[in-house]
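Report on the following structure.
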Amino acid sequence: MITATRKPMEEILKSVEPFSKILLLGCNECVTVCHAGGRKEVALLGAALRLGRLQKGLPMEVEELTLERQCDPEYVEELSRTIDQYDAVCSMACGCGVQTIAERYPSMPVMPMVNTAFMGASESHGVWAERCAGCGDCVLGYTGGICPVARCSKRIFNGPCGGSTKGKCEISNDVDCAWQLIWDRLKELGQTELYSKLMEPKDWRTARDGGPRRIVREDMAL
Amino acid sequence: MAFAKKLKSKDFCYLAEMETPKGVDLSAFVNNADRLKGRVDAVLVPDLSHAVMRLSALAGALMLKDLGLETIVSFSCRDRNRLAMQGDLLAAHVLGLPNVMATEGEALELGDQPGAKAVQDLSPAEFLAAAKGLCDGRDMGGRELQGPPSFVLGAAIGPWTDAASAASRAAEARQAVEMGASFLIAPPVFSLPDFAAFAQELGDSGAMLMGSVLLLKSVGMARYLNENMPGVNVDEDTIRRLRGASDRPAEAVKIAAETVQGLKEYCNGALLVTAGWEDRLPDILELATR
Amino acid sequence: MKSDSNLEKVLAGGHFAVTGELGPPRGANLEAVKEKAAHLVNMVDAVNVTDNQTAVVRMASWAVSLTIKEMGLEPNYQMVCRDRNRLAMQSDILGAAALGINTMLCLSGDHPSFGDHPQAANVHDIDSIQQLAMIKGMRDDGRFLGGDEIDTPPRMFVGAAANPFGDPFELRVLRLGKKVAAGADFIQTQCIYNLERFAEYMRQAHDMGLTEKTKVLAGVTPLKSGGMAKYMAKRVPGMDVPDDVVKRIASQPKEKQAEEGIKLLCEQIEQLKEMPGVAGIHLMAIEWEHKVPEIVERAGLLPRPKA
Amino acid sequence: MAKTDSPRTSNSVLVLGGGIAGIKASLDLAEAGRQVYIVEQKPSLGGFLPLLDRQFPTNDCNICYLMPEGGASQGLQRVHTLPMSHLSELKGSVGEFTAAIETKPRYIDTDRCNACGACLAACPEGAVVFTPGLDTNSPTCLRYPQATPQAFSIDMEKCTKCGECLKVCHPDAIDLDMQGSSQELEVGSVILASGAQVWDPTPMEEWYGYHNFPDVITSLEFEQLMSAAGPTGGAFQRPSDGRRPTRIGWIQCAGSRTTKPGGNPYCSSICCMISMKEAIWALEHFDRDIEATVFFMDMRPMGKDYELYYQRAKNELGVNFTRCMPHTVERNDKTGDLVLSHLDDAGKLQEAHLDIIVLATGFCAPADAAEQAAVLGIEMSSQNFVAAEDFAPVSTSRPGVYACGMSLGPQDIPGSLVQASAACGLASAELAPPRGLVLAESMPTEKKITGQEPRIGVFLVDWGNVVKESVDSEAVLQAASGWDGVVFGTQLELAHGSRGLDKLEEAIAEHDLNRVVVAGYSPRTHGNLFAEAVRRAGLNRAMLEMANIRDQDALVHRHDRTSATDKAVALVRMAVAGVRRAQPMHPVKLPFNPDALVVGGGVAGMSSALSLAAQGIKVYLVERSRQLGGLANELFRTLEGGSVADELGEMIAQVQDEPNIEVLTDTLVVDHQGQVGAFITGLQSGPGMYYRQVAHGVTILATGAKRYEPTEYLYGADDRVMTQLELEQRLGKGEAGDLLDTVVMIQCVGSRNEQNPTCGRICCRSAVKNALWIKEQNPDSQVFVLYRDMRMPFMSELAYRQAREAGVLFVRFDPSNPPKVSQEDGNLEVVFTDPILDQPLAVEPSLLVLSTPQLAADENTEELCDIFRLQQGPGGFLLEEHPKVKPVDTPAPGVFAAGSVLAPASLAEARTQGLAAAGRALTMVSKLSLVLDNPVAKVMPERCAACLICVRVCPYDIPFINADGYSEIDPAQCLGCGVCAAECPAQAIQLQGYEDDRMLARAEALLEGIL
Amino acid sequence: MSDFEPVVVVFACDYCAYTAADVAGRMNLEYPAGIRIVRVPCTGKVDSLYVLRALEKGADGVLVAGCLDGDCHFKNGNLRAAARVKALKRLLDEINIGSGRVEMVQMSAGQGAVFAETARNFVATVQELGPNPIKHAASQAA
């Protein structure tokens, strides 16, 4: 899932400074699950915005709405009838959602309310951790199901580096050494021979480095 | 088998006791066992422990084996004569449950079938001799076997209350080792210094010494054990600690884990006994191996 | 011979090799470099020139390499994967080779979070093993990593670093194997203080036939003080400094600690000389370059063979 | 406890007496599914309770909890009230009695009378009777609005049949020719609860001046004079001259503990507490500007923690206590003062000048007690109370006939309630097992209100005018009338009783209300009462919201009427906003496991177990030690001389032979989970710690107390120093012979001091018991009892007298000057001060006995509380649900407690409480299903993002993601904490009654008008 | 600011603080009339939004009143509430409303006196902080 966190209030308040009526828009997908932009967070930010603005003596109208998904035009379409009454849209969706809105409503300023962070998994209640970097060329099959791109600080394909100590990464004792995890898991799986294979330099075109990516299903897209 | 290897390696062993259910609903038993996978070296399955009728240990151990756990079957000398014992030993071998030991068994009055007859045909020491004999190809009657079994034998050490009884327990243990025991299980440890003294008394017996760690679930249990279990003296500090804890069961788990940690200095393994709270075993192991 | 490297020649000649190390300055002052380098002349077979060591910006490694080359030293040009992508790397390698640099060391590089530009993009286009293979490919196959042919391939004696004590320990020899397989002509190790464990490592490497295929130079660093010993033991990732070593240095009076450090170092070099598979030492005496002549002398490593 | 061989076919119980004990027994029985007939001689139920304005030790008025209307409503329809009736004959035997009941004519039809009071006003002869009180005819004395039945009656002896009343009675309820009736009832057992009567001081007027001086009044009269609802409206004046009194004195033991003719030899047990309550009340009433003095011989606050009440009255609240022998009351005609002459502690005659003297009159058996006993065929004590024994404390001599309350002797409310529950447990065992209970109340179908516009009624309820004193009620109603959806608003007069509730129900029908706000009480205490009324009116219970303008407003801000009124408006507005969005809630039914777990195998626990087992309930009886019996194992005999060992042995044998009881000795409770009807408790047995879990529906905790180990008076240092219990052992085994030459007993060792401020309660009785026993074994021995107050309640006072007559010397000491004990050259010496001589006396005892208390088994009880989620009270004893009205219930539903785990208890008390806990448990066990009506969390699937947050945060692991891919919460399991709702990022979960829109609406309504 | 009488919304848990408030009333203990109590089944039910909305509607302060540590009827609802209050305080600082206007307090059901004292103290604290800043702004804007 895509994870995100709410931007600092100071930045948010600054970004909405010119406006007096905004639509605060949540998304019922990933950002709901990671507690960044679902109905609950929309309501909270709405209240905080109104309070924050009132405190400055600049009351602002905040309408709250949460779409099923902000990254699908059909869902975004439902705003078309009412969007004109707002000065701006403040989106609590990930960057995809923000851009979908911006694209559909060219004349409407769209402000991101969250920082889109990474593709992560819930470790426990209230804790999300990066698991996938979306590199477009998955090697998990060779690395015991643990991603060296997302989870090794140095993205090393033939790790670990010399800084691995007691299973932790050199950058912090709170970060697991991905290669320690990979190795442990390979051992568990009885696949240690996978390690001996030299991993070739990665073709980064499948990642962001090849330019903006898109997926076209030829059997579907007419 | 891994346990046998582990014994040779002299690395610290983690054992857990799991009683078979009284009845045939195995769900809790299986659930709890599942969570022990990869966390313990073997699960000790006592036979009709506390003189309470329950699913036979061999069957329970077989279930655990199928789940991927290694087991130690602890026979009770109270309930079977030498024919049954030897027969069950052969069965254990055939079923792939080579780790066996025997205890005298608790008094029947304390159990749920007080009218039963106590057998006590063999003593635990004679059990060892019998098992060894079987391995050598002969039964207790001297008859030759059609294919000898092999076992990893263990023995339980009885409680001691003072230096003298500790010395005699140590002597018994050494005798058990002579008779083939390669691991020894000591009674629940509540005082590490006391246990250390015993370990010193025992010296290098040639077998792996394991201390038992009984989960103290409550202050009441601590008091009860102090009053009723020979050789047990849970100190006031521990009791105070338990009393002061906002979550007593969690504190009990911590105390047990610390005892395991402490044991590492004095012996070769720990047997965790949670007496019904098997769902807490992973927590203890987690803390103890941290 | 794969290259014109002095180090390659010394090793090929069966000599016990000695390499030194030099950190480029954090400024454009070449004189400081020359002053430090002067202590090393005729004392070592090659000098490692670090590349933005500890992720702190310093003078380019290739520039310093060139400078000391002119002073008669053999530079061992270090290149980390953190700061350049494969294009920049290959281009720099070609430049270095063209200007007479014959020896290179491939490294991952410390994470930027340690350095003075924690905000920097952490490139890691390829890792150090892939880098080794890349250089070997350029040299032996005459091809760029992309597959195109090279007009006049670079003749580079290429090595890699190894840490025998990082975790997981069981992976260490395997990873050495991967580096050898990727093309490491020589290996320089992390500082060794736990010789027993290092011997075990070397034994395993030997069992795997790795010492046949590559030359291992054991890393050594004089302990200047008890403080440094403790720091190395506690704070440096992947470092194994046994307690008795720390105690030995720290138990001396302050003023005698440096001397004790050198004494210990010499004893260790003696042991390393006897250790099967050890082809030399890599003496890391950063900011103590002036002591190198004394150490090399006392360790009985002089004179250095002439190339 | 003789086991009766009953045919068990009847499901009915006859309860004689409609006082608090009879009502409690009836309610418990009815709740347990039994049919009950309450036969009461008076026109309405209530007994003494309605005469009391407030009750110690909380000084609350708990009438609403205790009376049928306010108490548990379940099963109320199974209680048949027969007022103005008496039992004339009881035929048959246990299980199949036939009771002949005679009913006197009331002359007013209870079905028609609406208690409007017109007849009373019209009657020239004062023959119309409604509420008992100081002025029995006062129509204003509506202190007892919940009178059952809610109807007047006519006293034909006074009636002249003038017909005035007939003219004014609109419902046409009066029939002056009404005839009495008789009927026969088939019942399985009988509970005698006809109570006692207040002792009339007339025979001793020469001493107390009652009647002679109008300013000498009884406790009960004082209570009526003080009551705001009484004849003077709470304006307290001296009856003689209407002056405001400044000096009030209470004379204790008026008519009790005396051999004087007309008096009673026993102690009435509760008068000390009543006087203290009244004195504290008077001080509060007059803003402390009076002198309130209690003249007493021994202060006997006998109940749990009552000693603390005494200490507070003395040390904090300013009540004067004068220890003396009250002598005579005279009047100084010049000053109008009453003069009480009394002998002070030193034996000197003193005089006290007072404005009012209150006689702490005790209680005595009702005049017809002997007659009733004859009808019932039961034996009575010399004092005409039911003769009960320690091991059969609520049984009579006739099998199947039980007794409770003051029929057994004077006592306070908790004692009566405990006996009532105990009797009900035993009585129930004589009946056919309750099966297939039809519990459905005859309730109207719920109206469909979905889609309807809110029609909200606002009802201001202010029983006792507490709210009106601080809040402008009219202004509140005025404000409410303007709010959206509010169509009706009124003050509900006396809404507490059924009459008020009727009005509420009528208003709902009349104004077609679909939502109701009741303003006045805390929803915690009264929510259920009003919800039931709302339900009776055809609305869902959830259509009610309460505004807590009493406890959280009027009582707090009584010095600021404006603010209190503003706040009341805000609170009512919040309730209106909330109720506007109310959604119906429907309860969930679950099967109820009838098995019981009893923890503790002492007398209390065994009593519970036996009582439950006798009803066919499977009981797990868990005891920590190896043998049953608990502390009683160390006792030899009772104060009356009965053998404890025999009775206890028989009881243990019964327990062991009882097939329904599984005894688990050597067993500890280590964990506990679930809810009433579905508990699972983990037990561990034997040194091997064998673990098993038992499933059960109710729990009774009876783990007992521990003995105090004295450190005082050379205990442990000299063999001749021992506790009463140790002495009892010696006496019992006949091993005390040599020691019984000179015996000194010291009372209150380890109690009533700084470390343990509570009273040991039973040590005085132990001392007297042993002193008498010593005299029996060695009549020549000299026995001194050094005491602070001899606390010998009820008939034990007679033993105290007997001991004094036998030559035991009782010498009082002051805690500031306790006895001194020393030992020199092997000679033990006790020095104490004789208060009369004011001289130190030295005695060299052959035996020094310390009267030590039972203490809370602190560690044990603490752990019990930890496991069962309960609390400990003062001294570490288990805290009950309510010391007065729920003495053997705990705050955890389905968990009861009995015996010395609650407070130091005598054998009889432990036994009674054990039986009572069983009786209480029966009210639950008899239910076939468990009805859960707590709010639960609901998921809106269309909003759910299946994020698993609810799954992770639920403290009970209840939500799960179902096959359709959204979160599902089982309403039967949800406990309604709302954590999932608060954490749900999609606002897809709502907790009933606390939905987000409703909560926000409440908060906004609360703050309306601020911005 | 002595004539400023703060309005404080108290979200009180039924099992402890709400009962304690009833007890305070029955003990005739006084505290300022600005204290207004909203009943919740557990403080774990107190959504951060309720607190913000109360402030938005002009409350000068908000108390979340739950059970003592370890005494939560629902295991740990009070701890969750405390964590939310902590996060809310940070947010309130960020928007200049001030973290001091919201507090988590804990008591048991019998502690009527504690409730009254807590209420008095908090009102005094809010008095020091002054009125909710939005009141002024709202009146200006109007």
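The chains carry the letters A, B, C, D and E, assigned in the order they are written, with residues numbered from 1 in each.
The definition used in the following text is that a residue touches a chain if its C-beta (ideal position, glycine included) is under 8 Å from a C-beta of that chain, and two chains touch if they have at least 3 such contacts.
Remember, predicted model here, so these are calculated numbers, not experimental data.
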Dominant chain pairing [most C-beta pairs in contact]: D-E
Most central chain, judged by mean C-alpha position against the global CA mean: E
Distance between chain centroids, defined by C-alpha means - chain C, chain D (Å): 88
Euclidean distance of C-alpha centroids - chain B vs chain E, Å: 55
Distance from chain E to chain D - Cα centre to Cα centre, in angstrom: 36
Two or more partner chains touched - positions in chain E: 47, 49, 53, 134, 138
Per-residue multi-chain contacts in chain A, two or more chains: 40, 43
Residues of chain B engaged with two or more neighbouring chains: none
Pairs of chains, among all present, that meet the touch criterion: A-C, A-D, A-E, B-D, B-E, D-E
Chain B residues within the chain E interface of the complex: 246-247
Partner chain D, residues of chain B touching it in the complex: 19, 22, 49-50, 52, 106, 110-111, 214, 217-221, 223-225, 228-229, 243, 248-249, 275-277
Chain E-touching residues of chain D, taken from the complex the two chains share: 60, 522-525, 548, 550-560, 563-564, 566-567, 570-571, 574, 871, 935, 953, 955, 975-979, 981-983, 991, 994, 996, 999-1000, 1002-1004, 1006-1008, 1010-1011
Touch list for chain C against partner chain A, complex: 81-82, 86, 108-111, 113-114, 122, 124-130, 133-134, 145, 161-163, 166-168, 170-171, 174-175, 177-178, 181-182, 190, 237-238
Chain E residues touching chain B - in the complex, by the definition given at the top: 69-70
